[in-house]
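Below you'll find the structures, each written out as structure tokens.
First chain A sits with chain B, and in the next complex the same chain sits with chain C.
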Partner chain A sequence: MSFLPLAHALVSRQDLPVPAWLFAWGASIVLIVSFFALAAGWRTPRFEQAPTRSLGAGLSRALLGLPAQIVCGAIGVFLLGFAIYAGLEGTEAPDRNFALTFLFVTCWLGFPVFSAIFGDIFRPFNPWRAVGRAVGAGFEAIAGQRPAHLAYPERLGRWPAAVGLLAVVWLEVVYGASGGVAVGLDPHAAGVAALVYSAYTLAMMAVFGVEEWCERGEVFSVYFGMFGRLGIFGSRDGRLERRRPFAAATTWATIPGSAAVVIASIASTSYDGASEGAFKDGIEGVFEWLADTGMNLTTALRLTDTIFMALCFAGVGLVYLLGVRGMRTVPGAPSLAKLRVGFAHSLIPIALAYLVAHYFSLFVFQEQAQFGYLLSDPLGTGTTDLFGTAASGIDFRVLSANAIWYVQVGALVTGHVIGLMLAHDRALVYWPEYRRATASQYWMLAVMVAFTCFGLYLLSVSNG
Partner chain B sequence: MRDVRKLIVALLVVASAIALAACGSSDESTTASGGKESGAVTGGEPEKGQPSDGEDVPTIVVRDGEPVGGVQELEYSAGEEVRFRVSSDKAEEIHVHGYDIAKDVPAGGTVEFDFPAELEGIYEAELEGLGVQIVELRINP
Partner chain C sequence: MLPLAHAGHYALWILYVLPVLIVVGAIVRSALAQRRDHESEEPGAG
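Right, the complex of A and B next:
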């Protein structure tokens, strides 16, 4: 494929594959931990309806009150606007333009990780929600009534977010078509995409209502909010609360299509990880076959990548559905539909583990650029130096290959354990009899082992 | 009954894990041999019409903005000395990413890179103007 023009990479660096010995250790630990989990599982649910503790009223007012909402919303709108401006007006070199790193690294990778620790921190900064609410408040002030909305079709649920999530990743790694680099998109295209997405989102908010659309269709609210369910802070009725880690995830998947969102997340990360490694030969084969039919080369490459991404989604979904199907055979099982919804949240930690394993080093390296030269020279003009850091670079020495490997394997094992815990907890709700709950969990155990070992496998395949 | 089922599941899981581990390790061995192959290719580079200095310095030949024989894989351990040459029929700027070393090669000329392998990971060297990758540099810990 070397005859295709390769776009500049955001970071022209890749992680070394995890060595065989570490792969073996990782897989062994996963198995030992899994059997320990089977033997030592608790007998009453610990995360379902876990108690929460309200934090002080003063703190809640300060952090959640109207002034804070306005300030946070304004920050969100400013940053989005600035990223779009940088994308449209700044340099076309992806690594020198604020837009790509900010949108696809700082936000796209940063929010999932920090939300998983602290709760849904994207919500107050969500620029579209802020604009939508401001418009709504303006409408109410002028018209003297709340804007009327169409009823959101309940069955559609979070499917628009799942499709949107795949579209974002598609734009990032397929449309960019740059040979599997982290972000192949050029800044101008990213700016246009952000504008189009903003128009679409505001229109949908106008039709269905701001909060309704954020809960179900707005890709970033749904995606970041999903990880936020793992975090320890939440809010209820304007009051900040401290909750048990992971507990809020248990009520996340009740909206239809939620399983598709988490499956889309695992699938898109898998695709990005595998496209230059495990799937490389397959992708090249299909690409050459398509190119031989006389198809335009860029079209052939994008079509090939799209096919493989769709296959990832189908494959990840199939593994989950097989697990669900298996659980149905345990006496006393609820309906398939209920099981399918019921265990979706146990995949959230796996999705997070995949993200950390695949993008941890990219995030650490690229954030040096974000808070270094990109902050001082956001348009990459070479003449601006706002904070005196325009000449700084990325120090690749901050992470050794060994450190990256341990974080990758550690993330997968940790995600595996948390996923098992959540699934076991849910099983205790569906099968009050402990023996049957445990029996059902052989199936989820198989699903989790499959995902974790596949994740380890992707990391260990040479991405040459 | 319960124990029998547990045992079956245990056996299945262990079997699948061993299968996966085997896949992983066999893959590892193929990549290792792949590395050796590419070493042989770079070692055999002088056959492609490049005069050899008697030293085993891999040379990448660039013709019409493309590396002859595809992207060259060079593998080193951290702390070793990275040495390679690039010769090109046209004037190009060669950029080693990560290490951020850039050198110009004149039309019909050769330029030599020589620097310590201090950053671990996989880095690429490109024809900066065309954005075409010519070298994949693997630095193992």
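Right, the complex of A and C next:
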């Protein structure tokens, strides 16, 4: 998230007891030990068709009933509308305008983390779903029949969401370039983008149906819902249920394009982290080469960033495909296509780990602004003080550089160990003989070690 | 020619890649050993 460059500069320098690269070696050893522990003690699938426990009917009615849906939907619509208004009418200073922090920090980073704990909490607050359902209900009341929709092309799957996910990150980290300098997205552009996206989403909902589009094409529903599959609460047939953590992820990737969504998530986070660190020299080199050809500086920078972002997507996808290809060599392996789909859900915790590792400090710092001066003076005009906190600031001392690093390492290791667990569990479905299942997972171990070391390398360069 | 100042930068990159190479090397070695065992069992299997 490039609109707040100072957030990193104001944190104290790291003073680690051992070189940062040794953490990569330590993390790799943890993964290898976890792998053999799984091989020794986990010999039947535990996540597939894991038991769920229905919560009380009263609680389900209270949280999932129509009144709750209306209230949550109205809150979502109000907040989106307010963010758009702040973006269009508020100050152009990114750090003083409610819109950017609310959209790109509070929502973009907050929903994945809390969904991974509690389940898909975005769904009830989804403003586009709320509007779409309200319009559908109005149509039904007037016309006396449900609105008709086109059948969604099965092959398209979640590809619109994958492309949309990359587009959202592209907008935030690539589009915000001016005169060859990455200045970050301005609030007005964010407001316009939110309006355009709203129009596009509502049109798609009208064509394919609200729930169909939310399940497959709506970027935020698919993205936050993906992390929600890790959480402990879900719903079925109008009943709230408690489920085994991570178990619901096993059925997430059955729709085509799902692997692309989770790969896009890891790739876009990697790119954002690497653009200021590991890729900096490369980006400067390509940018200068393009600029020397006479290309407009802003176009040259955007094109360069787009190329590197696409390379990240290709690189992450290639590492995953190599792991899957390796599994194919184990006797009794299903088809490559089945393996590719079957193990995609094991990348979800890695996507979350990357998100936490890269943005944890930004989230902690910016939420102080969100619930401090941005809440009191959302337009950043300096003339409003709704809650008496307009003069508050951000205390960058709440996190030391070492604390940030330890959280980053902890998040990456935990996410990859959970990824290994999910992959191991799926392997036991495809290879019921556990020795073969374990042999197939050597390749996923390599994938996990590669993603862990890559993530730590990006962070160490950015932090350094 | 690479400037010396960059040498440390590239060396650092290698330190992060080494664990991956070690794991991949171990997997390839294990896979080859298994294939050899499988091939040596086959002639007497019939």
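We adopt the following convention: the second predicted complex is superposed on the first by the 417 of 464 C-alpha atoms of A that agree within 3 Å, B and C clash if a C-alpha of one lies under 4 Å from a C-alpha of the other, contacts with A are read in each partner's own complex, and residues count from 1 in each chain.
The working rule: a contact is a pair of C-beta atoms (placed from the backbone, for glycine too) under 8 Å apart; a residue touches a chain by one contact, two chains touch by 3 or more.
All figures in this text were calculated on a predicted structure; none of them were measured in a lab.
In the overlay built on the shared chain, the residue A:R435 is in contact with chain B alone; chain C does not reach it. Once the two complexes are overlaid on the shared chain, A:S400 sits against chain B while remaining clear of chain C.
In the overlay built on the shared chain, the residue A:L38 is in contact with chain B alone; chain C does not reach it. Using the contact criterion defined above for the overlaid structures, shared-chain residue A:Y457 touches chain B and also reaches chain C. In the superposition on chain A, contact of A:V449 is made with both chain B and chain C. In the superposition on chain A, A:T329 contacts chain C only, with no contact to chain B. Contacts of A:P17 after superposition: chain B is touched, whereas chain C is not reached. In the superposed model, more residues of chain A are touched by B than by the other of chain B and chain C. Once the two complexes are overlaid on the shared chain, A:W25 sits against chain C while remaining clear of chain B. In the superposition on chain A, the residues of chain A touched by chain B in one structure and by chain C in the other are 24, 28, 439, 442, 445-446, 449-450, 453, 456-457, 460. Residues 21, 24-25, 28, 32, 326, 329, 439, 442-443, 445-446, 449-450, 453-454, 456-457, 460 of chain A are the ones that touch chain C when the two sit in their complex.
On the side of chain A, the complex with chain B involves touching residues 2-3, 5-9, 12-17, 19-20, 23-24, 27-28, 30-31, 34-35, 38, 179, 361, 393, 396-397, 400-402, 435, 439, 442, 445-446, 449-450, 453, 456-457, 460-464. Residue ranges of chain C in contact with chain A, taken from their complex: 12-13, 15-20, 22-24, 27, 30-31, 34.
Touching chain A in their complex are the following residues of chain B: 2, 5-6, 9-10, 12-14, 16-17, 20-21, 23-25, 27-28, 31, 34, 66-67, 70-71, 73, 97-98, 100, 118-124, 126, 130-133, 136, 138-141.
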